Amino acid sequence: MYSRPDGRALDQTRPISFKRGFANAPGRVIASAGDTVVLCAASVADEVPEWRKGTADAPAKGWLTAEYRMLPSSVARRKPRQDRPDGRATEIQRLIGRSLRAVFDPEKLGPRTIYLDCDVLQADGGTRTLAISGAFVALVETLNAIRDQLPDPSAYPLRDSVSAISVGLVQETPILDLCYVEDSSADVDMNVVATGEGKFVEIQGTAERSPFDDERLARFLALAKKGCAEIASLQREALADDWPF
Amino acid sequence: MYSRPDGRALDQTRPISFKRGFANAPGRVIASAGDTVVLCAASVADEVPEWRKGTADAPAKGWLTAEYRMLPSSVARRKPRQDRPDGRATEIQRLIGRSLRAVFDPEKLGPRTIYLDCDVLQADGGTRTLAISGAFVALVETLNAIRDQLPDPSAYPLRDSVSAISVGLVQETPILDLCYVEDSSADVDMNVVATGEGKFVEIQGTAERSPFDDERLARFLALAKKGCAEIASLQREALADDWPF
Amino acid sequence: MYSRPDGRALDQTRPISFKRGFANAPGRVIASAGDTVVLCAASVADEVPEWRKGTADAPAKGWLTAEYRMLPSSVARRKPRQDRPDGRATEIQRLIGRSLRAVFDPEKLGPRTIYLDCDVLQADGGTRTLAISGAFVALVETLNAIRDQLPDPSAYPLRDSVSAISVGLVQETPILDLCYVEDSSADVDMNVVATGEGKFVEIQGTAERSPFDDERLARFLALAKKGCAEIASLQREALADDWPF
Amino acid sequence: MYSRPDGRALDQTRPISFKRGFANAPGRVIASAGDTVVLCAASVADEVPEWRKGTADAPAKGWLTAEYRMLPSSVARRKPRQDRPDGRATEIQRLIGRSLRAVFDPEKLGPRTIYLDCDVLQADGGTRTLAISGAFVALVETLNAIRDQLPDPSAYPLRDSVSAISVGLVQETPILDLCYVEDSSADVDMNVVATGEGKFVEIQGTAERSPFDDERLARFLALAKKGCAEIASLQREALADDWPF
Amino acid sequence: MYSRPDGRALDQTRPISFKRGFANAPGRVIASAGDTVVLCAASVADEVPEWRKGTADAPAKGWLTAEYRMLPSSVARRKPRQDRPDGRATEIQRLIGRSLRAVFDPEKLGPRTIYLDCDVLQADGGTRTLAISGAFVALVETLNAIRDQLPDPSAYPLRDSVSAISVGLVQETPILDLCYVEDSSADVDMNVVATGEGKFVEIQGTAERSPFDDERLARFLALAKKGCAEIASLQREALADDWPF
Amino acid sequence: MYSRPDGRALDQTRPISFKRGFANAPGRVIASAGDTVVLCAASVADEVPEWRKGTADAPAKGWLTAEYRMLPSSVARRKPRQDRPDGRATEIQRLIGRSLRAVFDPEKLGPRTIYLDCDVLQADGGTRTLAISGAFVALVETLNAIRDQLPDPSAYPLRDSVSAISVGLVQETPILDLCYVEDSSADVDMNVVATGEGKFVEIQGTAERSPFDDERLARFLALAKKGCAEIASLQREALADDWPF
């Protein structure tokens, strides 16, 4: 039977934490999952893209977008800086933005843009899902900080929390929360984003080497739901009295 | 109940075809699904990227990569050309490449690179899944054309066919093969790639507006499997005696 | 004496056609000359570049510009995509734009921009001249479609048709409408654009290897005028009742 | 009748000069035509582009290429620097390169690349033709300086001289060597490059506003040949004992 | 008299620290000075730039280069990511590289390149000087880690330590180690880099508003030497038994 | 003792001149120092960057910026053109801009931008300091030419002149105004910018190989002040009756 390099159970996540208070500014969170560390920051700008601008009849809606990058020193073999996000980073930052927008009400934000910057300080697998989970915490901090300036302070711009985790198939064994060495040898790689209520926001599954059937898919999704639920609890704990729902 | 703009049944695909023989060259296929038209071309170069190069002990493996673009005139409101693929095109061409690589044996290709160019001539929804289905036909044509030059002509570099289709949720109704107006108003958007054998290669589901539960997911996947199977038949028909398996 | 690879007479063009109706939209034309195929599209945008904007006293003039690209799969040896048009494409798209602007009245278009997109689907020599001839047909379709919205519907924004053809010197023999293999070995290469009335709009002649004298120039120009006149007839035939003059 | 702003006869060029000896280095020439000033420099690099590299059987051929730019301060209204040559500069530098290559024998240069840098210090019309004429002088200086290192010092890499001039149609009057104000209002604009022997190397004629017939073309070409011949004399005079033929 | 916003004496630095051990990898240091935080990382690649490659007679020399960037979230008003380092970042990363190279013996490194990545996590003035001081600590960690692989392990590639600090003139008062609000209003801004031995490596002084005389310069340099010496002590303390001299 | 390649005394500058009147336009100066030649041009645009725009209460301030480039033919081994200024050019053009802004009153210019274009026609060391000295002369010419259009013609936008020179350490000997061969072998390289009154505007000293102490620094600065004073006299002489102070 497959034995994990760090001794975890097959359905066990790494130690996950969301440290708040970096830089004495709201909206900066150091998210960690094992040796993976991502600085998640939510910034507000009082402007919206041209195509979101309102009209006399329709007020401008807010916008929320994400950027993801890895620092050159975040991986063992230095990753050269690039002019623009490479294909992988483009894919990931689009996923992060979509995931948070799925629970976001742009009308309630007013004519503002929220930027979610997810910068990977150290990478050991699972950076994209940790970035989503951490970005949620940073986003809540930032929304709370501007709550009085919202069009209607009693109408919170988020409907639910979101958290994310990876599942995969290694040595024909479905496992939860892959670290880098597991990710490198996985035959199926799946990232799942779910709401606090337990519904699916995103499912991205890739059969790198072995196409999979319905039964296996069901096992992947069950693992993912367990992981997402655990992370949702950690998010609630980290936000404590700032929990908005 | 939801009634489709073109009168199709909820689980019905548009008319789909794969026209071969364009440009008197192998590996050029005009794929159509309703008003969506994609020129899918598979080209071979006798070289591999630096990181695929072999060593004294390990012979070089082949590589397969894809590029996706929309012609400016493919949409009603002209789409300006861009310096590089935008975020959406980047995401799509990575999906196309991964999907075909899932059934591809690079060792059997030898030290060559296959480029799959998917250029959208006309866009009416479902360009990415049509590109995958058409690219498979173009790829087979091209592999057949170089079969004698393969390291072992009896070892075909593909293990199975792949086909792809979109499903989605419109007005709370799961439907198959969305056209553009349906896609624009869908609350869930999912693209599924499957093998000829009916296993999943890629599942990419996004809850644009309404997170979904397991039951709904099951319905989406059932529709997608039906669509993929139909397209697999059309691919086999189009390739006729050139079918490689 | 020089014998052409496809058996044509020295002053004979390849079979040329302008297929209309692609994509169920006006202004999309598939132009073919032998094995060369160019998708010519004319799109309208209701805006003009900053420097064309009008003033209180002078109404804004329209603008017309062209873009030319070759699909990667349009040539036998795949042509990699480039960030921007390369030198050759830049030169060609400027030629296309100038050629159509020579018969165009921007005041009669009103504050609009016309984009002529010429995308080469298959290349076998003569792509730039075929692009000009096909772009004229697409342009007429598009102008006809917006005729009611012109500042003065009775004042048509074109003064005459334009058509174009190549001539060259191969084995000391002047010939008309070179295909790729002829073009590759030509000692003189000349592209000529003429009006329906038979006047010159552009002459671009290059002595790749053998500088030429007045006598030879006269022969090149006579061939070109014959070719341009034939194409003008085909354009009129293709447009039939839509012919605007 | 049309009267020129600087009082010149219709077939008269501006004062033209080629000053040698700038920078105490061979191959740097300050070319002037009236108020137009271009620094023409020919540099040699002991390498050729990848695609010119030789094989065991065929020795590497030389290469010759040109670059053209305008300094920001060369025009009255400062021209911002650009990342890359704009469309006009691209077209011009390709013309310069082709013109000089038409009289150039790459085999006789050996495995070297010649760069012709034409930087416009002051612009008052006719920069591209002056750049060609000046580049020829710089090229001879540079070839003479490396003559001893050529594969066969007795085989000079140039077959003839080249010179260039503009002609145009202003107020229905064909004129020679247009200055900027004439160029701005010309209805036809033509640039002609000829060999010392009087044959055509390049003809680039554009009917900006009035398509032209054979008769007018004949007048343009006669003016251009006169101008090119005069410049050829000035080139010979400037090179004096360094004249290579 | 000028009173500092954080109550410091005029010649007092902020609390400065160099935290080692981030990411369980050698060569990653979190450098802090008050609210300024920079992640300094030194990575080794087993290759050198083309122009450093050795010959049969001369062995290849090593190379050392630096990159500097600010995270978008490092400043109160989010700083958009840019394609390339902007002018300020270019200037700073060149300064960091030169400063460390001044005490570096490339021959003793062998054919390797060291990359110093200085990524600002939080900015409150003095990021460039803190980056230099922190990069020195990271560099020592990394050199120690590869000591056994050096051409001669007994020949250490550094001759001395380097540390850096800013001085400036605020309200006609020379002060040490400016924070952001001081830096914004400074009339003179100077960055000084010194060796552990107390000699100058770099002096970069700019009179933003008030040109200064010799007397004032002497005061700036005295302050800077005091600050550099204090930081040198902190570096030695942080490295403890790893101090290489 | 160190003997200079061109026989100069250790504290002697090369022959320096500022030729005015190029291009029959104000604000174009050919600055020379020995074999180094820089074309310095000051152009005015009637607009300011977005961030300098005024408000109802505060009128817009002017802006002054500089660009520096070397022509490909300015050095013996041709320097390829680059998309953007490289690191060195970025650093230099920022230095030029800061140096001139140190004596410039943007309020007195009104809502205009001055561009200082410094294009090196020939490089033999000291291009950045010569560019600063020449740019001052071009700037005065241009300001004088628009003096009547200034907000207050009696309030000149400059407070003093600026001039610049390099000093360095070669063979343990401090010297003034290094030519290229000296610059290449210098152990310390320092550029100093001073006002006509003799105060420091910029000091940029780099110990390429040998960190230096206070005594040596004093010697460098004494040499630099002597050189700057001499150049200030030449600037005054060149401007003659146009001297603005």
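All chains are identified by letter, namely A, B, C, D, E and F, in their written order; residue positions are counted from 1 within each chain.
Just so it is clear, a residue touches a chain if its C-beta (ideal position, glycine included) is under 8 Å from a C-beta of that chain, and two chains touch if they have at least 3 such contacts.
Small disclaimer: the values here were computed from a predicted structure and weren't measured.
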item	value
Any chain in contact with chain C as well as chain F	D
Interface sides of chain B and chain C: same vs different residues, half threshold	same
Pair of chains joined by more contacts [C-beta pairs], D-F or C-D	C-D
Gap in Å, rounded to a whole number, between the CA centres of chain C and chain A	51
Distance from chain E to chain A - Cα centre to Cα centre, in angstrom	34
Numbers and ranges of chain D residues touching at least 2 other chains	84
Graph class of chain-chain contacts, one of line, ring, star, complete, other	ring
Order around the closed ring of chains, commencing at chain B, then chain C	B, C, D, F, E, A
Complex interface listing, chain F residues touching chain E	84, 87-88, 90-91, 93-94, 98, 102-103, 160, 190, 194-195, 197-209, 211-214, 217, 221
Chain C to chain B touching residues, read off their complex	22-25, 27-28, 35, 37, 39, 41, 43, 45, 67, 69, 71-74, 76, 78, 81, 83-84, 115, 117, 119, 121-122
